[in-house]
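Structures given as structure tokens follow.
Across the two complexes that follow, chain A remains constant while its partner is chain B and subsequently chain C.
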Partner chain A sequence: MPVSTHVNGAKIWQLRNRNQTLSRWAGYLAAVAIFMWCWQRISEATTWFFVWDAPRIAADIGSRAWPPRWSYMDKLWGPLWDTLNMATLSTVLALFMAVPVAFLAARNTTPSALFVRPVALFIIVATRSINSLIWALLLVAIIGPGVFAGLMAIAFRSIGFCAKLLYEAIEEIDEKQVEAITATGASRWQVVAYGIVPQIMPAFAGISVFRWDINIRESTVLGLVGAGGIGLQLQSSLNTLAWPQVTLILIVILLAVIVGEWVSAKVRGAIM
Partner chain B sequence: MTAVTLDDRLGRSWQKPHLIANPALRWGLFIGALVYVVLAVGSIDINWSRVAEGLSRGWAFVTAFFNPDFVSRGGDIFDGIVESVIITITSTVVGIAISVPIGLGAARNIAPLPVYLVCRGIVALSRALNEIIVAILLVAIFGFGPLAGFLTLSFATIGFMSKLLAEDIEEMSKVQAEAIRATGSSWLQWINYGVQPQVMPRLIGLSMYRLDINFRESAVLGLVGAGGIGATLNTAFDRYEFDTAAAILLIIIVTVMALEYLSGIIRAKVQ
Partner chain C sequence: MLQLKKLTKTYRTGDKALQDVTLSIPKGQVLALIGPSGAGKSTLIRCINRLVEPTSGSVILDDTDVTALGSGALRKMRRKMGMIFQEYALVERLTVMENVLSGRLGYVGFWRSFLRKYPQSDVDEAFRLLDRVGLLAMADKRADELSGGQRQRVGIARALIQNPRLLLVDEPTASLDPKTSRQIMRLICELCAERDLAAVINIHDVALAQMFVERIVGLKAGELAFDGKPTEMSDDVLTTIYGEEDWHATIRNVDDEDTDAEELVQ
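Let's look at the complex of A and B:
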């Protein structure tokens, strides 16, 4: 901690010395400059008249959207069931694909750290960095619109997430148990089944429920690109400007998300 | 004389214990899950002829990944990526700037109860609404363009950062904060010297992580007209220009990988 001396000889405590302060200010200046440039670009691309008009538009949409059209609910049960199925089945499917990838990616179980591990890590990053809506867009173009495309889209998106968390859990296991099982003369598969799997089981259950919760959120919007579920209803209501129906759908989605999060929190609380 | 085997002397051979000890619960859960899966799979109608038809297109996409076309739509791709990056940077900065006070308010050991409840309410609202849905509403209100995307991602960032920041503050060591308090510091000084140093490493790590998430999300906001690379990507898919789509996806993947690598370095440095 630097100390500077006042003119009258008193010592003043400072957090940083002059050079540190200067370099900090230079950093802040650069950051502000970048931010202002970005902001200017956004500002150029914006029609400010619409923005100043926004409160009136928002009030207008709000007045049309209320009250929600409750009678539309009986047309929503089917899509809601599809949405739930999409979330659940895709989580199951994703776990089937994520487990081998995780074992290939973990440093202590991978067959070859030089060749196999980078491939597994690439699968994890690639599936994780592509949003499920983009996967859905791609799969709708390939296998046609419908629940199946949405299901596959979420499943692909979930592989990276599940595999990443799972391989981190595998790398953190207690090696002593693995050694003990190996010492009994167990085969490679027996070591995995009795030495590693019991140790990662709680993490595995936690991850799957956590991902299921996220997948419910994701599956509610996939319909926007034609991949089935309640998003399809949302899209058609938006296209026909049926705002009371939009309100009802948003309420249903919100409830589904809250219920999903509650279930997931309860299950994870019971496991951990 | 009957043969006495080793198993008789030792008793029953060892069996792996079941995951769920209660047999009724075990079989109930198993049968319930089976019935659900059968019902769920039954309610999905897969048009296999359409799938078979599409497989050739799927193969075309896979091959397109090996010779992506960066050039023929190069201008559009460049503009889209720049817009995505701009949305990412601004929304992360603004989102974090707003989420710091809300995070302070949502920590029970710092904030009084009314402030706590209000801040937790904001966090819950922001987390419950999907980004795409927020983007649709904001596009309807503010018109097409990156402003809607910027506002959407700032809103989403607030929920994410405030929640994690508040949890971190709630777990901090009381001793340090109390020591600063005891010097007669004002509230602001107390936060600045007692609380902030304890949560700063985590805050920086989370900011980098959120930057990464915001970039990924900004790539899809274009689908609903909120600016960024998504609109270009959507057009490429609609016109079956898989080589351009593959180029865009590769750019996204490489950027995300670079960001992840960078955030790893920064986090290792601050922690």
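Let's look at the complex of A and C:
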């Protein structure tokens, strides 16, 4: 008990009693011991020669990679445009699929909490747990290499993310507004359109631009597995050890991501 | 016009919110429902339009048993019952006009309402009502920009555009200041008189109820504990409804005329 009574009758208050304090210190000790042990294991498995050599290699690649080959930009505009389109279209596609899933998954709108909701939740978990690179590998094998495979890969990966955030927003709505619309004699769909949709619009817009921002980043790497976009150029440049081109591509990707992030921050700021 | 027969509601938790409530309300009568928190006032009015499904008993409005209706017929019946809420329950992100027009949802189809293509007669009526409640200039404002009193006026307009036969009013003044409370109560009662509407008003403020309504019903633990004129309210009645307390200051001396300074400002 943190509260005890002193011999002179005064009440003493401590945050923890002696046993609690001791067990906390034992916990810290165990944590440090585990950390040291893990460190030792990693150290044994590391070829330290390569690590000590790393700065020299990095400097070597750096010197070869600089300056960027600016003239290569001519060949990047197309793939860059593909990349942005891939991100945008896949986000739109994902939202179309995510909205119904979200309504089926939200506790207050699902037609059946027993049968439909678990299916919707499974769709969310399944699409979220498979990385878009893996989706792309699968889809490249199924529908062939190209932008379309990348687009579908990102769209599938995004369904779970968008649906999850959206169904949480639906569950957090103010039920009184729904009740008021129901009381007017509105039909089911009218209740959704008037009582629920206006309440989740800010969340919906925020989720859309947030996911679009993430998808720009995702779409830049999908080319590595043959799913189109700027990643394709990155891979061929890496394969031919054309380091100045790699530098330029990395700069372009960085700029694209910064622009995406800036737009999404602006849009989200405007909604709140 | 409205009859409640042995209305009972037992929640799944076993709480008996209402027990055998039998009540008859004639056309055009404004009735105040008082009682302590948890006495079943909110449940009672929600059982009337079946936002809460009564366990047994029946609600009869104009010779139709509301409790026996299927979902389509229930929606048609709800159009006849306008509801006004405690925290206004406006759709906060829609405009005042959209909120008022949402009272017509029971009358227009989905796409018309979705595209906000309401019949001109509805729009005319909405403007008339906004003018009546003094908010004509606010039609294009978003509901969350309004003050509490203004929001409640929008709520009143939304209920009235349904062209109801009955108003169900749940604590209309609970989140308003004393002056606005009076104005809102006065507005509701005036509108009921103009349109010969019956109304059931849940209210905590006994003095305010006495000031405006013609009949007071007291609920205690889900059962009727009092039914009479405002003038019949006494310390004893309040003690049976709410329990022992010094009620002297709460009850309004009904012989007093409305001479408060606030009233003159109006």
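Everything below uses one rule, namely that the second predicted complex is superposed on the first by the 223 of 272 C-alpha atoms of A that agree within 3 Å, B and C clash if a C-alpha of one lies under 4 Å from a C-alpha of the other, contacts with A are read in each partner's own complex, and residues count from 1 in each chain.
Criterion: a residue touches a chain if its C-beta (ideal position, glycine included) is under 8 Å from a C-beta of that chain, and two chains touch if they have at least 3 such contacts.
Not measured: the values here are computed from a predicted model.
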Discussion item. One more residue to check, A:Ala98. First (chain B), second (chain C), both or neither?
Written reply: neither
Worksheet item: Of the partners chain B and chain C, which touch A:Leu254 in the superposed model: first, second, both, neither?
Response: first
Discussion item. Tell me the contact category for A:Ala45 with respect to chain B and chain C: first, second, both or neither.
Written reply: first
Item to complete: Mind working out whether A:Ala183 is in touch with chain B, chain C, both or neither, as first, second, both or neither?
Response: second
Discussion item. Is A:Gly195 touching anything from chain B or chain C once the two structures are fitted on A? First, second, both or neither.
Written reply: second
Worksheet item: Where on chain A do chain B and chain C both make contact?
Response: 194, 201
Fill in: Complex contacts: residues of chain B adjacent to chain A
16, 19, 36-37, 40-41, 43-47, 50-51, 54-55, 57-58, 61, 82-83, 86-87, 89-90, 93, 128-130, 132-133, 136, 140-143, 145-147, 150, 216-217, 219-220, 223-224, 227, 230, 233-234, 237, 240, 245, 249, 252-253, 256-257, 260
Worksheet item: For chain A, which residues count as touching chain C in their complex?
Response: 174, 176-177, 179-187, 189-190, 193-195, 198-199, 201-202
Item to complete: Spell out the residues on chain A that touch chain B in their complex, using ranges where they run on.
Response: 31, 34-35, 38-39, 41-42, 45-47, 50-51, 54, 57-58, 61, 81-82, 85, 88-89, 92, 125-126, 128-131, 133-134, 137-138, 141-144, 146-148, 151, 194, 201, 217-218, 220-221, 224-225, 234, 238, 250, 253-254, 257-258
Worksheet item: Any idea which chain C residues touch chain A in the complex?
Response: 49, 51, 75-79, 81, 83, 85, 87, 89-94, 102-107, 110, 113-114, 155, 158, 162, 168
